[in-house]
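Encoded as structure tokens, the structure appears first; notes follow it.
A, B and C are the chain letters, set down in written order, and residue numbers restart from 1 in every chain.
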Amino acid sequence: MTDFVVIEAGSAPGLPAPVTPKNVPHRGGEVNPSAEALKAQFGAAIGRADVVWGETSVFIEAARALEIVRWLHDDPSQSYEYLSDVTAVEFRDRGQPIEMIWHLRSIKYRRFLRLKAQIAKGAPLEVPSVWPVYKGADWLERECFDMFGIKFTGHPDLRRILLWEQYAEGFPLRKDFPLRGRFSRAEQLRQALAANPEARYSMEELSIADAFAELPLDMRARIKGGETTGE
Amino acid sequence: MTTKRTIEVELSTSGLGHDGRPQRIPLVVGDSGGVALQAPPALEPDLEGEHMLINIGPQHPATHGVLRLVLELDGETVVRCIPHIGYLHCGFEKIGEYRQYNQIIPWTDRDDYLNCIGNNIAFSLGAERLFGIEITPRCTVLRVIGMELSRISSHLVWMGTTGIDIGAFTPFLWSFQERENIYNLLEGWVGARLTTTASRVGGMAADIPDGWLDGLRGFLRSFPKTLDECDRMLTRNAIWTGRTVGLGVMSPEEALNYGLSGPMLRASGVDYDVRKDFPYLDYETYDFEVPVGVNGDVYDRYLVRMEEMRQSVRIIEQAMVRLPDGPVNVDDPRVILPPKHKATSEMESMIHHFKNVMEGPRPPIGETYVAVEAPKGEKGYYMVSDGTAKPVRWRIRPPSFVNLAAIPKMVEGHLLSDVIAINASIDIVMGEIDR
Amino acid sequence: MGLIEAPTPNIVSVDPINGDGWITTRLDFLVNWGRANSLWPMPFGTACCAIEFMASAASKFDLARFGMERMGYSPRQADVLICAGRVPFKLAPVLRRIWQQMPQPKWAISMGACASTGGMFDTYAVAQGIDTIIPVDVYVPGCPPRPEALIYAIMMLQKKVVMKDRMSDMAARVEMEPDPTSQHYIPVSRIDKLSEAFGNSIPQTRSGQ
């Protein structure tokens, strides 16, 4: 029970005491050493490294994201144990590609690294899921799929999370999606009220379906008849 | 033949078994009434292995909002837990793309509505990074006071509602009494009780009024007493420990891997606090400690939050001592409006005022992710600017969203009643989770 | 502002001669007076307004003074639905289901700008006011309203309960029924069957038949 060891943040030797960054320059400044290390390890899969407002962004090849993130997580000289955020950015300029963003933190070295992957216009919106490395990516990626329609290959359960399953209007954070939605208010309300509040609460949806054969007869009959477990 | 009868558990015992898990005493005893507890009779063959589905929420007092949990139960033990969220999805991030930076601040109130002023300040910090603005020393200290006050008020709601969930009503009343004191302070400062919209890009909406610090001093005198009283009532209470110790355990490695943050992460034994490790607002110059748990269970999270409130009091006391005089807002015409008397009398100031309000200040092209230690954990605002007055992307990194994602891991194998305690220990705010 | 004061008829009369403990009144008045002073709220708290609702219920403002001691978190034992907070479309069917589960007579308070009009959330996801989903008796402005505002709304509702609802007025009990083809439709017989277990002195068959 008490085999817990307190993990100390900033435990790498020789780290300076952290201070509040002051007068951060817009461009340039100290580059996160992981950018160099990434370049040395992965070569062509790593693009340029920008330092904007003191934060290092490294462009990576989208298809190799999982591999790169796994290395950053596992390598003791990097040790990015903490995934802060997974998100995407679509620009107002239609010509610019959609960018996938991963915000990683190294607790041990007190580093912050932003990985970016550009998904070219017209290419399928697909990136590898980093869920095998960080379990915390599960919902973050689901949300990204819900809002942008980006598919995360290898994600165990990729479905809508904030909007309901039958949501028909599209992906809200895309720039071609109007602020008030595609449908009229009346139509939105009609669709919402017609949605079954128990739709995601059916026996079939859950793994209890695996246990179907063992259920009592009457229950099986009811499920077969399409009855949900509501009321 | 067996009969049902209630066995009185002595309240002096901790209610814990040898393995640290709460003891469960079956309510069925033999007719003789002897002390020997006998195992419950074997279930009917029909019922054995039958799983039941139970739905909690989205409208349920113990889900702290509109969270919905679908639980698959084997008897009373949770086999599977499927959370459903999104019942409060309002499109914050979308609407942020249609608003200027100062106009977004009212939305930050409403995403984590227990930590309003803290969110305002966090967003302003991000926007200031994007504009390249350094705030004034007085503003820095005032913001520290605001953030810590909001941490206290958020933890107070947590304590009150968790108390109700676990069966203690009194902490709710006591904590709301102290919250009313914080409300009064905030009302004196910015004019609103809850949704403060207290900060602006480059400063605050208002300086503190005369005599406000006396009110704050009074609060700092009364609040630790209330906290001690709650501490006396809960920390060694047999019912409280029986319902919290050993539940929802996360090991430090798991907690890191699941991306937990804030008291959730620290209770699991990871010494990561944004204020210490990636400081902002000169937090490194304050003398305070970060409580770290060892067991990672619900009880440790409770202890961590209690201690955090005490540390917040310490920080506020230091901030009050060092509060310098001087202006609150930066002297930067890009973001700060001219004084009212000038705007109504001078042509240039009026144009300046008009342009700042109608067109809004434009940051240079760039992006920034600014994280602060919110009461729930690492709250991040990621903003991307394309040089126009409105961000291309405004992303909220919600700590309780990520924390909640670990709930299936935490509740599986526990009893149904423990789900409520574990869920309460995450300190979720649906406004922030669903956005 | 506020309700128009209806002329109060002389509804309570005391027998002055041998009136030891005897008053006469209209049954309507007595029942409504009782109802108005023991409204059981069903707090449908979603967002920021719910925190102010909690503040109203807590020690300083103390909703219990208005007969609201008992928070009926079960809609089947509640009189007044207090919708505190924004209602997105995903929550709309839930709100309607809860309203339908409440027994007659029932009232609704829409607390806050978002519940009343959608407020600042004029987006793809938010229903623009809960009156598009359920009927509302009192709207409370504010973002969020102060507890005093909520208490004022409750007092207005109490006035409405005392003055307006006549037991004999069957029209007041006719309920907006949803489209029978929608999945929300529950036949009247089933509703009565569901609600009969909770029978007490107040008619609880919410179908009203």
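Brief remarks follow.
Everything below uses one rule, namely that a contact is a pair of C-beta atoms (placed from the backbone, for glycine too) under 8 Å apart; a residue touches a chain by one contact, two chains touch by 3 or more.
This structure is a prediction, so every number in the text was calculated from the model and none was measured.
Ranked by distance of CA centroids from subunit C, the top chain is A. For the criterion of most C-beta pairs in contact, the winning chain pair is A-B. Computed from the mean C-alpha positions, the centre of subunit B lies at a distance of 31 Å from the centre of subunit C. Remark: subunit A and subunit B have CA centroids separated by 22 Å (rounded to whole angstrom). Mean C-alpha positions place subunit A and subunit C at a centre distance of 42 Å.
Touching of two or more other chains is recorded for residues 86, 89, 91, 94-95, 434 of subunit B.
Among all residues of subunit C, those that touch two or more other chains are 90, 94, 122-125.
Among all residues of subunit A, those that touch two or more other chains are 163-164, 172, 177, 179. Those residues of subunit C that touch subunit A in the shared complex are 89-90, 92-94, 96-97, 122-125, 127-128, 132-133, 178, 182-184, 194.
Taken in their complex, subunit A has these residues touching subunit B: 1-2, 4-10, 17-20, 22-24, 26, 52-53, 55, 57, 81-85, 87, 89-93, 101, 103, 107, 110, 112, 114, 134-140, 143, 147, 160-164, 172-173, 177, 179, 198, 200-201, 203, 206-208, 211, 214-216, 229-230.
Those residues of subunit C that touch subunit B in the shared complex are 43-48, 50-52, 54-55, 58-60, 71, 73, 85-86, 88, 90-91, 94, 98, 120-126, 143-144, 146. If you check the complex, the residues on subunit B that touch subunit C are 58-61, 65-66, 86-91, 94-95, 106-107, 109-110, 113-114, 157, 160-161, 172-174, 176-177, 179-180, 183, 193-195, 430-431, 434.
The residues of subunit A lying in touch with subunit C in their complex are 163-164, 169, 172, 177-182, 185, 188-189, 191-197, 231.
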